[in-house]
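The following blocks contain the structures, represented as structure tokens.
Consider the two complexes below, in which chain A is the common component and chain B and chain C are the respective partners.
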Partner chain A sequence: MTGAEAARPALAVRGLPRRIPARGGAQAQVRAGVVGAYAFTAALARLAEARASGALYGSAGAVYLRDGAIVHAESPCAPDLGVRLMACGLLSPDQWREAVTTASAERGVGGHLVDTGRVARGELELCHLLALFDAAYFTLLPDSEPDRFQPGATSRLGPISRAVPAQRVAREAQRRRAQLERAWPWDDTDAGPVVPRSEGEVRGGRARAPTPGQLAVLAAADGSRTPVQIAWHLGRSAFATLLDVRRLAATGRISMPVRAQAPAVPAPARPVVPPVPPAPPAPPAPVVPPVPVPPPPAHGGPQPAVPPSSDPSVALLLRLRAALEAHL
Partner chain B sequence: MANTETALKDVMTSIEGVLGVALVDYGSGMALGTLGGSKDLDLTVAAAGNTDVVRAKMRTMEMLNLKEHIEDILITLNTQIHMIRLLTGRSGKGLFLYVALDKDRANLAMARHQLRRIEADLEV
Partner chain C sequence: MPGIDECLSEALAIPGVLGASVVDWSSGLLLGAVGQEPGHGHEAAAADTTEAARAVVESGTFTAKESGRVPVEDIIITAPGSYHLIRFLDTSFDSDVVLYLWLDRSMANLAVARLGLQSIAERLVLV
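Let's turn to the complex of A and B:
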């Protein structure tokens, strides 16, 4: 597999960890015959058809299945349930840590939080479903490859939301990719640092005022944080942040990363507390601590013919075209 | 204490004249849950489309420097009323309930009242 690894295409979203380290001894059961684009999605579809239960680990995250339906997903790019609950003020980091360490295997972290009255079931479900789809978007990226399937593995979080059909998750990931493409068809902004432009540089700003979500992204952009890091910082959806960043790019409110000096993309921001360890006999958590810094990216996936240019006039024309297309 | 599924069922049963309901994440335009609907009313399409309505209103308020929150948005058609209610709870930020009502059968004031109650139940 080492030779194949060298030839692996770059991920569409640069800055994604190229793989989550494989855990010792297990067989790569899902890899056989699955290569090329959408390999993870194809492997997932097969497992769903076979009504499998367990965890499918891939190069950009993991998906947990029960009877072929998805009960949980996690990716180092998408803020997890704990970060979301802490960001909306429902839990303190200590309370989350306490839940993670004391929750029983049967009830899981989710059950423990509800039992102790820290979080209402509805709130927990909403946060979990949003985190699930967010993580699934990254895990199911076209270049994401399945690593292995571990039958019977469950998430330490325990059952939270109703299981979501794998097909629905795949369809949603597809819809999200199309949404990003419509907002701004280049992925240059996805992995590099978000650098807001000053008011003076933004032309016609009043007509395209940013939404509150975009303002939050701009406020969190310190010139070094990538969209994924901003998402972790704010505890909001990483996909929604990518989308906001692309919309900001389309309206010229952020600077385009200069292509020549591809930024050394730092690993996705780490959660404030240690990641949730999975229930025994599951192997170490799929959200692994220090994610290796991926090599400077090449462009993956279908690319528009003309890349953005560092020439301001050309960039302006491209933005203009994107804006016109958006209004058609 | 309700989960999302029972909250949606509650909307369908306690509000007169409901044609369909969806709980929508406006960061992505995805419907987290839907109930009702018909071949003439595709709720997932409605969810994605109405996300743009909410976003446009929020942007407009930003431009007008209105430091207010949207409680609900009403859209009146010939035979239907569409209601968008933004969730305000700490975990519900970024979500809205979308309800399509039959104009002849629905009582607008009652529908708004019930929706407010259901929203509160979801987060208590």
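Let's turn to the complex of A and C:
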């Protein structure tokens, strides 16, 4: 098994996310009455209320429950615990693979990493919690639909951090959608390649300086990587990367993608089963996500009437408006 | 080797502490909290902590000539009745996490509290 496979076998094996079959399949009870926007969130709320234990698989990821609380989440969009620990060089792919294959069921991968002195308990809990909320953001996107619930299924990582109430995870996902909207209300930059602009093109000398995270995003933006691919490359939060990219767009540090004239219906409406990516040469594992981020199309707030323009003066006015709104 | 909950319990033992929390300042996510809730609750405090951390990190002034992934150590706010300490964590993996401490000024010693918080921040990421 390669480092990349070690990083994401659960998703590859279970083939997430997938297109769900026509309504009324064997798992119809999971979806009953909850098709449409926020279908996954609604299904999750019902399972939480019933204090269910198991895994709820959806079109953009999976959530693992114990007694109705969330203990783990994963999504092909969000770098998982292993990817994040490997990207910084804390673990080699071999060490991660060893932890995944030899950890006992009771201690789990997390317990194994702590017991062998590879990762501090505090860091492990922080990294897992951050990865959980990151994956949950994508899994709970408004248009993601529940696929099936498998009672009793547990994460291959075993217990790591404290369980989080499902309601809190749903609330956080909603808060994050609003946060993206506030930073820059257009989702054009979410799915396309990130193209930095030269310093001379950046207007407004008193604009806020980029954070270290934003500088890392700019450095990793090679003109072809999307925000999610940058997140996997850097082993950092995919949501934070989306947010940074929108903030960079608002301050004019990246180019706005030219709107494709092509199909009115978005081409990949939903990510399909990702093939396991080829083996990376060495750590830090440059794992490239097989799917582009499904752009969050249905925001809670009103959609802006005017799309970002390639006209520089219009783009400047839009940035100005976003900056003014950010300071209200 | 302490986890998040143990670290927060230790923070509560610092003299004069009213409340403490762990916050992801890239998103404003509250990762853990103990003690009294300042103002409008722990989650609102996490959002405010995030704004303060961002304002300092994105300023051209406070991070001038600083390098590294964590260009700031602490943000200290003193008010007539209270102290607020924000300590940036230097995790091995890529993250933007701070420890936040709210103290009663009449009971607390700022230097002691800062050193206590620094020690907790270091042990949280210690193998």
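Things to note:
Heads up, the rule we're going with is that the second predicted complex is superposed on the first by the 254 of 328 C-alpha atoms of A that agree within 3 Å, B and C clash if a C-alpha of one lies under 4 Å from a C-alpha of the other, contacts with A are read in each partner's own complex, and residues count from 1 in each chain.
Simple rule for what comes next: a contact is a pair of C-beta atoms (placed from the backbone, for glycine too) under 8 Å apart; a residue touches a chain by one contact, two chains touch by 3 or more.
All of these numbers come straight from a predicted model, not from anything done at the bench.
The superposed arrangement places chain B and chain C in clashing positions on chain A. Of the two partner chains placed by the overlay, neither chain B nor chain C lies in contact with A:T41. When the two complexes are overlaid on their common chain A, residue A:L126 makes contact with chain B and with chain C alike.
Of the two partner chains placed around the shared chain by superposition, chain B and chain C are both touched by A:R162.
Legend: residue contacts after superposition of the two complexes on their common chain; A:T139 is shown touching neither chain B nor chain C.
Of the two partner chains, chain C is the only one touched by A:G235; chain B is not. In the superposed pair of complexes, A:R118 makes contact with chain C only, with no contact to chain B.
The intersection of chain A residues touching chain B with those touching chain C, taken from the two complexes, comprises 84-85, 88-90, 119-123, 125-127, 129-130, 133, 161-162, 172, 175-176, 179, 209-213, 236-237, 239-240, 243. Per the touch definition, chain A reaches chain B in the complex via residues 84-85, 88-90, 119-127, 129-130, 133, 161-162, 172, 175-176, 179, 206, 209-213, 215, 236-237, 239-240, 243. The touching residues of chain B, counted against chain A in their complex, run 1-5, 7, 25, 27-30, 32, 48, 55, 58-59, 62-63, 89-95, 121-124.
Every residue of chain A that touches chain C in the complex is listed here, in rising order: 84-85, 87-90, 114, 117-123, 125-127, 129-130, 133, 161-162, 172, 175-176, 179, 208-213, 216, 234-237, 239-240, 243-244. The residues of chain C lying in touch with chain A in their complex are 1-5, 7, 22, 24, 26-29, 31, 54, 57-60, 63, 68-71, 89, 91-97, 123-127.
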